[in-house]
Amino acid sequence: MQFTRLLSALVLMLGILVHAVGSNAQTVDDGTLGLLIQALAGENFDDTTRAVSDLVKSGDPRASSILNALSAGDLYVAKAGKTVFIGKRDGSDYAAIDPITGSKLAPVPRSAAEKIKVNNRLRRDIAAAIGGLTLMSDKADERRSAAEAILKTRDPESIPLLDKAIAAEKDASIKLLMNQAKAAAVLNSGATGEVKIAAIAEVSAGNSRDALGLLTPLAGVEGPVGEAARAAIDSINSKLALWNGIQNIVYGLSLGSVLLLAAIGLAITFGVMGVINMAHGEMVMIGAYTTFVVQQIIRTSAPGLFDYSLLIALPAAFLASGAIGVVIERSVIRFLYGRPLETLLATWGISLVLQQAIRSWFGASNVQVGNPSWMAGSFDLGLLTLTWSRLWIIVFALAVFAILQLLLKKTMLGLRMRAVTQNRRMASSMGIRTPWVDALTFGLGSGIAGIAGVALSQIDNVSPNLGQGYIIDSFMVVVFGGVGNLWGTLVGAMSLGIANKFLEPFAGAVLGKILVLVLIILFIQKRPRGLFALKGRAIEA
Amino acid sequence: MKAQNTLLYLDGVSVSFDGFRAINNLSLVLQAGEMRAIIGPNGAGKTTMMDIITGKTRPDAGDVYFNGDVDLTKYDEAEIALLGIGRKFQKPTVFESHTVEDNLVLALSGPRSAFSTLFHRQSRDEAERIDDILYTIRLSEKRDWLAANLSHGQKQWLEIGMLLAQDPKLLLVDEPVAGMTDAETAETAKLLREIAKTRSVLVVEHDMHFVRELDVKVTCLHEGTVLAEGSLDFVSNDQRVIEVYLGR
Amino acid sequence: MITQWFFTHVDRRGGVAIVLLVALGLLVPLSNLLLPVTSPFHIPTYLVSLIGKYLTYAMLAVALDLVWGFCGILSLGHGAFFALGGYAMGMYLMRQIGPRGVYADPILPDFMVFLNWKDLPWFWHGFDNFWFAALMVVLVPGILAFGFGWLAFRSRVTGVYLSIITQALTYALLLAFFRNDMGFGGNNGLTDFKDILGFNVQAGSTRSALFAATALFLALAVFVSSFIVRSKLGKVLVGVRDAESRMRFLGYRVDRYKLFVWTISAMMAGIAGALYVPQVGIINPSEFEPANSIEAVIWVAVGGRGTIIGPIIGAVLVNFGKTYFTAAFPEIWLFALGALFIVVTLFLPKGILGVYGSWKARNSDHVARKKESAPAAADETLQIPEPQAAE
Amino acid sequence: MCNLTARFIGTLAAAAIGASLALSPATAAEETIKVGILHSLSGTMAISETTLKDTMLFLIDEQNKKGGVLGKKLEAVVVDPASDWPLFAEKARQLVEQDKVAAVFGCWTSSSRKSVLPVFEELNSLLFYPVQYEGEESSRNVFYTGAAPNQQAIPAVDYLAKEEGVERWVLAGTDYVYPQTTNKILKAYLNAKGVKDEDIMINYTPFGHSDWQTIVSDIKKFGSAGKKTAVVSTINGDANVPFYKELANQGIKAEDIPVVAFSVGEEELAGLDTKPLVGHLAAWNYFQSVDADVNAEFIKEWHAYTKNDKRVTNDPMEATYIGFNMWVKAVEAAGSTDSDAVIDTIVGVSVPNLSGGSSTMMPNHHITKPVLIGEVQDDGQFDIVYQTPGLVVGDEWSDYLPGSKDLISDWRKPMSCGNFNVVSGKCGGVTN
């Protein structure tokens, strides 16, 4: 402990000495470097941090690779002899590399070495430090990340470095980033007056969120700097306020499309066929589990295909859920037409069985369904961030809806379905094989639920309870929209989604949800047949 | 006003569903104690007219008066029924899981509030009236049957019986003889004429023989308006009526 | 005389049921209290409160059947009324704890103390008085049902639309009661009860008393519903169930009849809930879960919809099955339960009593059939509007 | 059809008879000691609780290999309370009264514990409760081997403040009693440390919440006020996966806004791709990655028992392990499974925990444990970045809640009181 302190101090002096002596090649002899590196294996994070800065000050080119290894958690110290090495797990050993020479060392048994601990703060510092080192690097992306790192740390000490880099920089976008970083650093520094005001202008031109972070501390300051800061903050805030509205709508649509996906299959089995299908949620769940299975197979057999896993899962899920749907229809539902309540009972029983089946098959806990790369991450739309998965789900939901509409309105099958559901006796007397159509319709509804499961597996957890989480909302959507009308389902889902998102900010998530339910209840009073009720002389009695 | 001393008065009534005009500027007057037959092709708006009179459908425009001064458009089905307008449906609707007798008990005029029915005990004259009606509609020995087990004709009659039990001023009867044998048809005609002695009746019917047997003033509807009105012979000689309805 | 009056309002089955329940209400506690543990007829305390629990469920089922079986209103939210009654009773029991709570606060229940609430929310006042609480047990569900029904029935919300908004109702209440700010103990609910009317809720004698009370109230519920069903009002209700608009053309204010029976049923459910809480020793929001309400519907269907005692049989049978299966095959019992529901719907469409009924009907003429008031095949509860040009 | 019906009724009857036999007081053979396992195997909580059922079966199996307890074999009685709280009470009663189990290991949610508590007190039986909870409870018949708030939340906050220099706090939780209480304690604690209210954002979501877009972006906003910000998550199991997925996708890096969770362990991470989550934290008393021989041994046997070397271990499992061993040791010491005897002997009993040290049952029926803080790794494991130097005693009555700061609990005779008020010097809420 004490020792390392002393050591590092000593090393520091050495380093500086070297600085002075070393004419241009900013390097230290291996011995010193070795000591510097050893210091990294400090007693606690503070020691390590200090050691890192020392290492950087040494300005040795090898430092960056060592620090990278450290922040990646690949730097180990042998219990015996306290020698530090870069290690990679290899069975019960570490494949060791000498950080100084980069040459291979004899593998070290896992038990004989321990990892040099890093935490978030340390990683930040290292990133910044490396930033300092790689700011002049000849690789564009290294320079970019370096600038970003400094933009995060706002370390005033890096200002001179930045000046040099900016002067040298060719790439406009990186230059902009560097200017941002510099401005940030300036704001963080002791600089005053014009310099800061200029920096404020520079900063507020960039990403508003970060800018707000930089400016808020200055708002309290007296004098022109403070005023400039306050003005900038106000303009940014007004911009944010506007974007909040937009965000609510976009997020509302995204929530709406999730509801739509969850409900659309039900809109067929329940809305069109009149089966109170309590097993609908389980069809969604089965779709999600199909995705899991597909991904498992791909992981083991063809990892390269992982990005296509969802595309492969879609038909698979459709067939899996669809097939189960057909089986259910043939074995149970078909005996219950005209007795909708019995369908509620039977399907409830079926849902219990399916849940338990999945539970005993895949286990009760969550299974992991990964995002393919094109689903991961997010992009900025003005000031709001929308994740790719959400965007794709919106697109997907609408696509499914459109396809379904076409299927029902334009194809022979769709025609028959409508015929059968509207007047079974007449349809059969016209030579339509109603049992066959029934099975297909129910299969279709279940299949759609299945592909919904593929999409939902990307944003929700895949467990045997998955279905239960969606069944109530789905029924709400279908009924709210008007039973037997797909457009109703679409509009219903979207309006519920948006309503939810506008209520959430001021009512809170919980109260918001309650309010939406109350709204549904009251709305049904006004339109007892839902949003898109069909008028005309529907026969009662 | 014109509506005075008429029993039922429709003037310039119109209604449309999703753009389709089911009733178009319809006017019709029924005197107290009158029986009227309504004929007309499908889609002429006969049933819709009944819906309007009984408050099931609200007209978009026009006046509907009962007893000269009661504006029917202001009341709902139940209230209108209590005002004394009874209705028999096109397809017989009786309470299948009740016995014939209970069907009549339900129809029997009397207090309709929840509590009075909860503690209701059947009085002697109620019992007698039920016996009479059962006799009139020839179902006395089937009084304990579930209505579900009656034949089609019998259901028609039971429903007419329920109308009688309601003892309304005006009966709206929609295709009473649909699916009846000629014998039954004749019987029904007799029964209706019987009823018409004491009450006003509005009969919708396709069956021309039946209408002839009733021999009353006839109104022919077409596309929601009155095409012709008068004695059956007069109407059936009307050129347009022949075009749209009879002549085919 | 009285017996004669009694039997004019209750059919044979109902009468038998009532007599049996009263007998049960007397014998079970006696056997539990008087007979020695060794005696084969001695019923252990845990069975007493277990059966007591079943009976409260049965009462909920009877209430549900009154609206669904006889009036065609399928409620997927009756659990809400049950739970509200339960909470009313729970609040009384909480107040009875008084200074014996862990924080020894004379007024505030424990959960309020550690969420450091300063004083009692207004709606908790009065619940220290049993009779006030008892009143609330029927009033709160009653008023909610009345308000809800008044809206829904007047604007003629029927069939599946009604079912779904009843579900929305119970779901909303579930979320609301989960919130700690509501002042009902959040997801932990109300628990750690000490005594009721001065008797220790844990004591065997109290349990037996509660059991007896439950049995008697259930008997009462059976009597009330068969009284309603056999009155002319009952005939009207069945009429509404089978042909609602026809009833209107006969001059009946259908909405009022529905409202009446709906409110009565809700109050019954409330009482059931109130009897349930002291016997299970906890009430929390999970009682509002839509799944519970659906299960209640299933009890009725299993037992026989549109019969007086079918729901009782169904509730007891299903819950007994649950108790048995969860202990016997904890890993796979859901298969058994699920299969039970499927089999019942496929092979006993009118429930267990329905089978008995149709068996009776087969060997006797249709005159006998009039006693069966099993629902008509055409079910009113789902009306998908069929597009239809005027005439 | 009617034939089938008849047969169906037959089977029903059979089941009924079988059941009534099962329910009639068990004539259990006395050569085994029965142990009740009361964890949900179906319903919403099955996700977490099923593992603990397996753990118990595993531990009992191991114990029997060692010859059981008091020379008798242990016999597990498993029931499924199906995530239904009243059913928990019913099952508890059934286990104790009918199956005559010596002790029950079970429950996960506070609601389930609260609903069985009266049963165990009435029948004077034993419950070992292995999950972290909100505290504010101490029963003579219950042993809390999971973490109390001071064994999880407070050290975690200290770590963030010290090591990560966090000044601005988001307390996000499911609207349950546990998060509510924990956040109340944390808020009081932070305020005491001089954190201003405008630097604390408290947010509650419904159970099973799955649409986190708004909240995550709110967190981002709150985090962009120039001060270092962290999220303290008491979000309940089911909602975590969508929460972390949204975090990852919206690109909130641990370096920018770290999230420390109290109910996310190896089991929960199993459902997630953790690469984007590296660096986010969790505070527990045990991690599978703990570098101790006893742990390695435990994991090896666990994998052998479950025949699945992917099967992870987690903190509630360790708590179960500790609780079970404490019970065994206490029974051996008392020479009997009688509840009173065990309650008297178990206080002070100390058994090895899986993080190398040993845990002791304290007089307040809570135990001592180390507090570990780990960072999520890309392999779904945690890398331990901090460990409390000593053991932390579970504090049942929080010092940061006005209602309970004066209360202590000591179940040793003569005090034998769960809520002794040190100010009034009286034992608060004992009945009769």
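What to note about this one:
As written, the chain order gives the labels A, B, C and D, with residue 1 at the start of each chain.
Just so we're on the same page, contacts are C-beta pairs under 8 Å (C-beta built on N, C-alpha and C of every residue); 3 or more make two chains touch, one makes a residue touch a chain.
The UniProt protein names, listed by chain, are A = Urea ABC transporter permease subunit UrtB; B = Urea ABC transporter ATP-binding protein UrtD; C = Urea ABC transporter permease subunit UrtC; D = Urea ABC transporter substrate-binding protein.
Note that the structure is a prediction, hence the values are computed from the model and not measured.
Across A-D and B-C, the chain pair carrying more C-beta contacts is A-D.
The chain with its Cα centroid farthest from the Cα centroid of subunit B is D. Once the centre of each chain is set as its mean CA position, subunit A and subunit B turn out to be 67 Å apart.
If you average the CA atoms of subunit B and of subunit D, the two centres end up 72 Å from each other. Subunit D has its Cα centroid 29 Å from the Cα centroid of subunit A.
One finds 43 Å separating the Cα centroids of subunit B and subunit C.
Across the assembly, subunit C contributes 175, 178-179, 243, 245-246, 331, 334, 389-391 as residues in contact with two or more other chains.
Taken residue by residue, subunit A touches two or more other chains at 355-356, 468, 510, 513, 536-537, 541, whereas all remaining positions touch fewer.
The residues of subunit B that reach two or more other chains are 17, 22, 47-48, 89, 93, listed in rising order. Residue ranges on subunit A touching subunit D, taken from their complex, read 45, 73, 114-115, 117-121, 123-124, 127, 152, 209-210, 212-217, 240, 247-248, 251, 254-255, 258, 355-356, 359, 363-368, 370-371, 376-378, 384-385, 387-390, 458-465, 468-469, 500-501, 504-505, 508-510, 513.
Subunit D contributes residues 1-2, 4-5, 8-9, 12, 15-16, 18-19, 22-23, 25, 41-42, 78-82, 84-87, 89-91, 93-94, 97-98, 109-111, 114-115, 117-119, 122, 136-138, 175-177, 180-181, 184, 204, 206-207, 401-404, 407, 418-419, 421, 426, 428-431 to its touches with subunit C in the complex. Interface residues of subunit B facing subunit C in the complex, by the touch rule stated above, are 17, 20, 22, 42-48, 54, 56, 76-79, 81-82, 86-87, 89, 93-99, 102, 105-107, 112-114, 117-120, 144-146, 148-149, 162, 166.
On subunit C, the positions that touch subunit D within their shared complex are 44-47, 49-50, 53, 99-105, 110-111, 113-116, 175, 178-180, 185-189, 191-194, 202, 280-282, 284, 286-287, 317, 320-324, 326-328, 330-331, 333-334, 343, 347-348, 352, 355, 359.
Residues 228, 231-233, 235-236, 238-239, 242-243, 245-254, 256-257, 260, 366-367, 369-370, 373-376, 389-391 of subunit C touch subunit B in their complex.
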